[in-house]
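Should a chain be cited, it is by its letter among A, B, C, D and E, assigned in written order, with residues numbered from 1 in that chain.
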Amino acid sequence: MTPMIAVRKLVKRFGLKTVLRGLDFEVQAGEFVALVGPNGAGKTTFLRILASLSRPTMGKVRVAGYELPAQAAAVRRRLGVVSHQPLLYGDLTAEENLRFYGRMYGIPALDARIDEVLELVGLAARRRDLVRTFSRGMQQRLAIGRAVLHDPEVMLFDEPYTGLDQDAAAMLDEVLHTVAARGRTVVMTSHDLARVEALATRFAVLSHGVIAASVRRDNLAGENLLDFYRRTLQEGQASA
Amino acid sequence: MTPMIAVRKLVKRFGLKTVLRGLDFEVQAGEFVALVGPNGAGKTTFLRILASLSRPTMGKVRVAGYELPAQAAAVRRRLGVVSHQPLLYGDLTAEENLRFYGRMYGIPALDARIDEVLELVGLAARRRDLVRTFSRGMQQRLAIGRAVLHDPEVMLFDEPYTGLDQDAAAMLDEVLHTVAARGRTVVMTSHDLARVEALATRFAVLSHGVIAASVRRDNLAGENLLDFYRRTLQEGQASA
Amino acid sequence: MTEQPVALKVLNGLSALLVAAALWMVVFYAPLEAVMGLVQKVFYFHVANAWVGMLGFIAAAFAGIAYLATKDVKWDIVGVAAVEISLVFFFIAIATGSIWAYPVWNTWWTWDPRLTTAAVLEMIYLAYLLLRQGIEDPDRRARFGAVYTLLGGLSVPLTFMSIRLFRTIHPVVVGGGNGGEGGFSMTPAMLNTMFFSIFVFSVVFITLFWHRVRLGRLAQRVEELKLKAMD
Amino acid sequence: MKKWSRPVKDFLRATRAVAWKDLAAELRSRELLSAMLVFALLVILIFNFALELDVKTRRSVTSGVLWATFIFAGTLGLNRSMAVEKDRGCLDGLLLAPVDRAAIYFGKAISNLVFMLIVEMIVLPIYSVLYNVSLFEPRLLGVILLGSVGYTAVGTLLAAMSVQTRTRDVLLPILLFPVVIPVAIAAVKASGGILQAWPMEDIMPWINLLLVYDVIFISVAFMVFDYVVEE
Amino acid sequence: MKKWSRPVKDFLRATRAVAWKDLAAELRSRELLSAMLVFALLVILIFNFALELDVKTRRSVTSGVLWATFIFAGTLGLNRSMAVEKDRGCLDGLLLAPVDRAAIYFGKAISNLVFMLIVEMIVLPIYSVLYNVSLFEPRLLGVILLGSVGYTAVGTLLAAMSVQTRTRDVLLPILLFPVVIPVAIAAVKASGGILQAWPMEDIMPWINLLLVYDVIFISVAFMVFDYVVEE
């Protein structure tokens, strides 16, 4: 089976600053990988490269079987992204936002799909309200709807729980479970190790620009994720 | 003993939208209160009123023995605030930022105090660098330094852990412990109930514009904070 | 890297010699122009600076294309160097033009198409510097800079052609009539002096350019070492 | 008519979607148009005070004042229209869509052009009432269209750049004005010529210049837009 | 000299601190000043095209063009100077300090005024070279000072308002221009009178009007600033 995401010797520099230093990473179809690491480790940078928003300086990146950045359009078609920001237009209604993105993706039978997604994220009642009148939690809900609208094979979530209250977080948990149950591939970053521990099937620690360790949940062997994380960072420091 | 913060029948409206509906709240000197509640409950609004950044529509607010908004200047002198944003000037260095705020507060022996604070938040080595070159974690550190610069009696923290990694969070934990040990009063909001549970001496749930429940850590009686929080919100819903 | 290469040292000396030679030619070799007299001598530096400046702007546009195609920082350094030096040269052209204009046209400045397009050209590259200053991320700075030099390059031909396309009072002496106020026909000695000073300023340009690129490289090294130290 | 191939159809669909969402949002709030319009009137007012326009001078400067007004108001519109994209990270949202980036550029350029034309079509009659000059001349409308196309073509590109800088509040006019001046000159001259009833052969060179710049700006922007939005 | 009381001293200390940090930041980057300056030159350029200013009309419109330039460039500066406060939530940081809000207002207004005056002092000589008019007249400088004081007094207030709105990218000029027009007219008339050597008794009414507006604007801004920044 070819992996859904395959990254080899990925290097990313911003000017002279090297953020990713020869990172190797592989995700099989249907896996749910949690990407953890300290502030400024390069998690967002890495996800932006996977999302084709940023170009690798060196290295090979394949997503859903297509090469990046060469076949970016094919990758984008199969990708759903939730980032720090909601990527929504404040001056359009919830429905119009989805309609716009639906058109950009060329989704057939768009109206039916929009109804479905609004139902999923619990915004059906507010569909005709302008997004800028939405609270932070509601915007995040719609951002999630936007990301799953075209039913992507691969989902990238960058700290999606930031600022969400318990209810909204539960909603997101549910969406993630549904997505995972349907065999979609998910990569998610978070600083909330407890939450991540309950969700993901594999944990990868990004540190000093490489994946310093990666472990399947089944293989944590009783060790809790926080300890594993701490140990990985210390070993990294010792070897550096 | 007069309470450090005393709020009676506080109402705050934005236009027609009532966010706080007759909120009562009291904090004794030396208490560490965690303010929790769903998205859009009004936590930020409430803290901004306590910080004198926003005017109450109705009701009485006393902080550190002074009336708000009438004696705002006296309150401000005794207040330290960490908000979502760092409140720092990107075009000034770390040191210049602190010097500026120090002058605004009229702090005597400012240079010595600046050295001390930079040491505390671990930025002594970067004191002459422009703040806009700082990473998010470093900006948050300096924001904390800014808030404690004038050694305030009351501290207000609005989701200070957002986006911080484990190390930076540990640093903040330490600052909060020091502050609490010195008998300062702290009010902090957060959605991370687990973290809050370990820190605060009292928990207050803000919901539907009032403090729906408030409990001291000692009185949680084995119930965990999440359950208490859930129960409070449900009771609120039932009675509404 | 820290020591100047021999070729550069030779160029330094050569530039100084050539400038001296050009001065000599302008003062003693080139004949006095009959109508305008002494100020006409500014002509040789005026044209040479303008030419070299405009060529530098064009070079920056090509460096921009090279950067966009290869994403090699080298081309960014080349682009900035070319723009910065050309800005100075071109400013000298404008200033000498102004000095010439005062006795001949009886004003320091007039809004003639040539003068205006020249001023606009200078502004474009000032805007370029402001653009770079406003961007933190070095990649983006280089990319946006490259795109902007490309757009700016479009204005160079217009500036050059302005005296040949529009009715202006600025004279044309090369490959054109004798139009304008203050035009004159060149004697062979004048022509020689002009070409020689264009050559001299080109050499000076290359020398300065080399220095500036070296400076850019060194600055880059410093940044690199700083980053290493911080890691 | 030959059936268009699938990529072309996708391209047009995306372009239409981008333009549509700008127009839909604006149709609801009308805040961009009203801001541009009010600003345009204020600029005319300022010109009026600054120049104490009297009947004699008025005629000769009409086209200049009009274009200066369009340029200032246009900058406001371009700035706002791109700021909307940066607001909640929408630019990333656009770039994540599986469409050619050029389609995004054309979508934005089209909506910007439409806003600009609407403002112009309202300003024209107001101006002609205020200053008692007749401006209804089909050829004038043609020139305004050509000028606006060139202006928004390069303006959309530069707005996409400036909105990504730290000094985004101030940078757009500084980048845009000097680059767009050739278009502005040609437009002022051509419209002035039409209003003063010059013979057509005197006007045509300016219209041709406008056409040349439109083509150049559109093709350059089309080619480099990718570099402006990528990281 | 009588010793000032403690509140007054606190007030002055805070005002100085606010102005100092703006000036310190600007002294380092100089990006605001250079942006205002380049923009001012561009505005002059555009006016020049728009109006084809010739020597005869030039004299009578000098003061108008100058003031329009100052007004446009000033808006740019005001916008940026307030945007800096919104950037990382700094405005809240200012408001949290135990100082009178009026001190914050005066601090910002002073730094804005200083920026504006610096730009004006650079634009004046450039303008006088470009248009061959002499502008060195102590009374003219006095009028410019008075006009700039009125402009920044109300501009600082309105910038603080517009930066807090959703449409902050476009709102400031729309709010500011109509309000500031009385000051602008008085300033244009007074400077025009001085440049055209009117008798002093014809100029004085305008200067008095300027003074009156300065006083009114400063006192109104002083009184309402509190309402603008609080929530």
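Throughout what follows, a contact is a pair of C-beta atoms (placed from the backbone, for glycine too) under 8 Å apart; a residue touches a chain by one contact, two chains touch by 3 or more.
Here the structure is a predicted model, which is why all the values come from computation and not from measurement.
**Q** Would you kindly count the fewest steps from subunit B to subunit C, each step being a jump to a chain that touches the current one?
**A** The fewest touching-chain steps linking subunit B to subunit C number 2.
**Q** Smallest number of touch links from subunit A to reach subunit E?
**A** 2
**Q** Please state which pair of chains has more C-beta contact pairs than any other pair.
**A** Result: the chain pair D-E has the most contacts.
**Q** Farthest from subunit B in C-alpha centre terms, which chain would that be?
**A** C
**Q** State the chain with the largest centre-to-centre distance from subunit E, centres being mean CA positions.
**A** A
**Q** Over half of the interface residue numbers used by both subunit A and subunit B, so same, or under half, so different?
**A** At the contact between subunit A and subunit B, which are copies of one sequence, the residues are largely the same (over half shared).
**Q** Using mean C-alpha positions as chain centres, tell me how far subunit C is from subunit D in Å, no decimals.
**A** 32
**Q** Cα centroid separation between subunit A and subunit C, in whole Å?
**A** 50
**Q** Quick one: report the Å distance separating subunit C from subunit E, using the average Cα coordinate of each chain.
**A** Computed from C-alpha means, the inter-chain centre distance equals 36 Å.
**Q** Mind pulling the residue numbers of subunit C that touch at least two other chains?
**A** Answer for subunit C, listing residues that touch two or more other chains: 120, 123, 127, 130, 133-134, 136, 139.
**Q** Scan subunit A for residues touching two or more other chains and write them down.
**A** 90 - these are the residues of subunit A that touch more than one other chain.
**Q** Touching at least two other chains at once: which residues of subunit D meet that condition?
**A** Residue numbers touching two or more other chains: 166-167, 171, 174, 177-178, 181, 230-231.
**Q** Which of the chains are touching one another, listed as pairs?
**A** A-B, A-C, A-D, B-E, C-D, C-E, D-E
**Q** Can you check the complex and tell me which residues of subunit C touch subunit D?
**A** By the definition above, subunit C touches subunit D via 68, 120-121, 123-124, 127, 130-131, 133-136, 139-140, 143-144, 146-148, 150-152, 154-155, 158.
**Q** What part of subunit B is in contact with subunit E in the complex they form?
**A** Residue list for subunit B touching subunit E: 48, 51-55, 73-74, 76-77, 79, 81, 83-92, 96, 100-101, 103-106, 131, 139, 146.
**Q** Within their complex, state which residues of subunit E touch subunit C.
**A** 29, 31, 34-35, 38, 41-42, 45, 48-49, 52-53, 129-132
**Q** Which positions of subunit A touch subunit B when the two form their complex?
**A** Residues of subunit A touching subunit B: 37-40, 135-138, 159, 162-169, 191-194, 226, 229-230.
**Q** What residues on subunit C touch subunit A, complex-wise?
**A** By the definition above, subunit C touches subunit A via 73, 137-139, 220, 223-224, 227.
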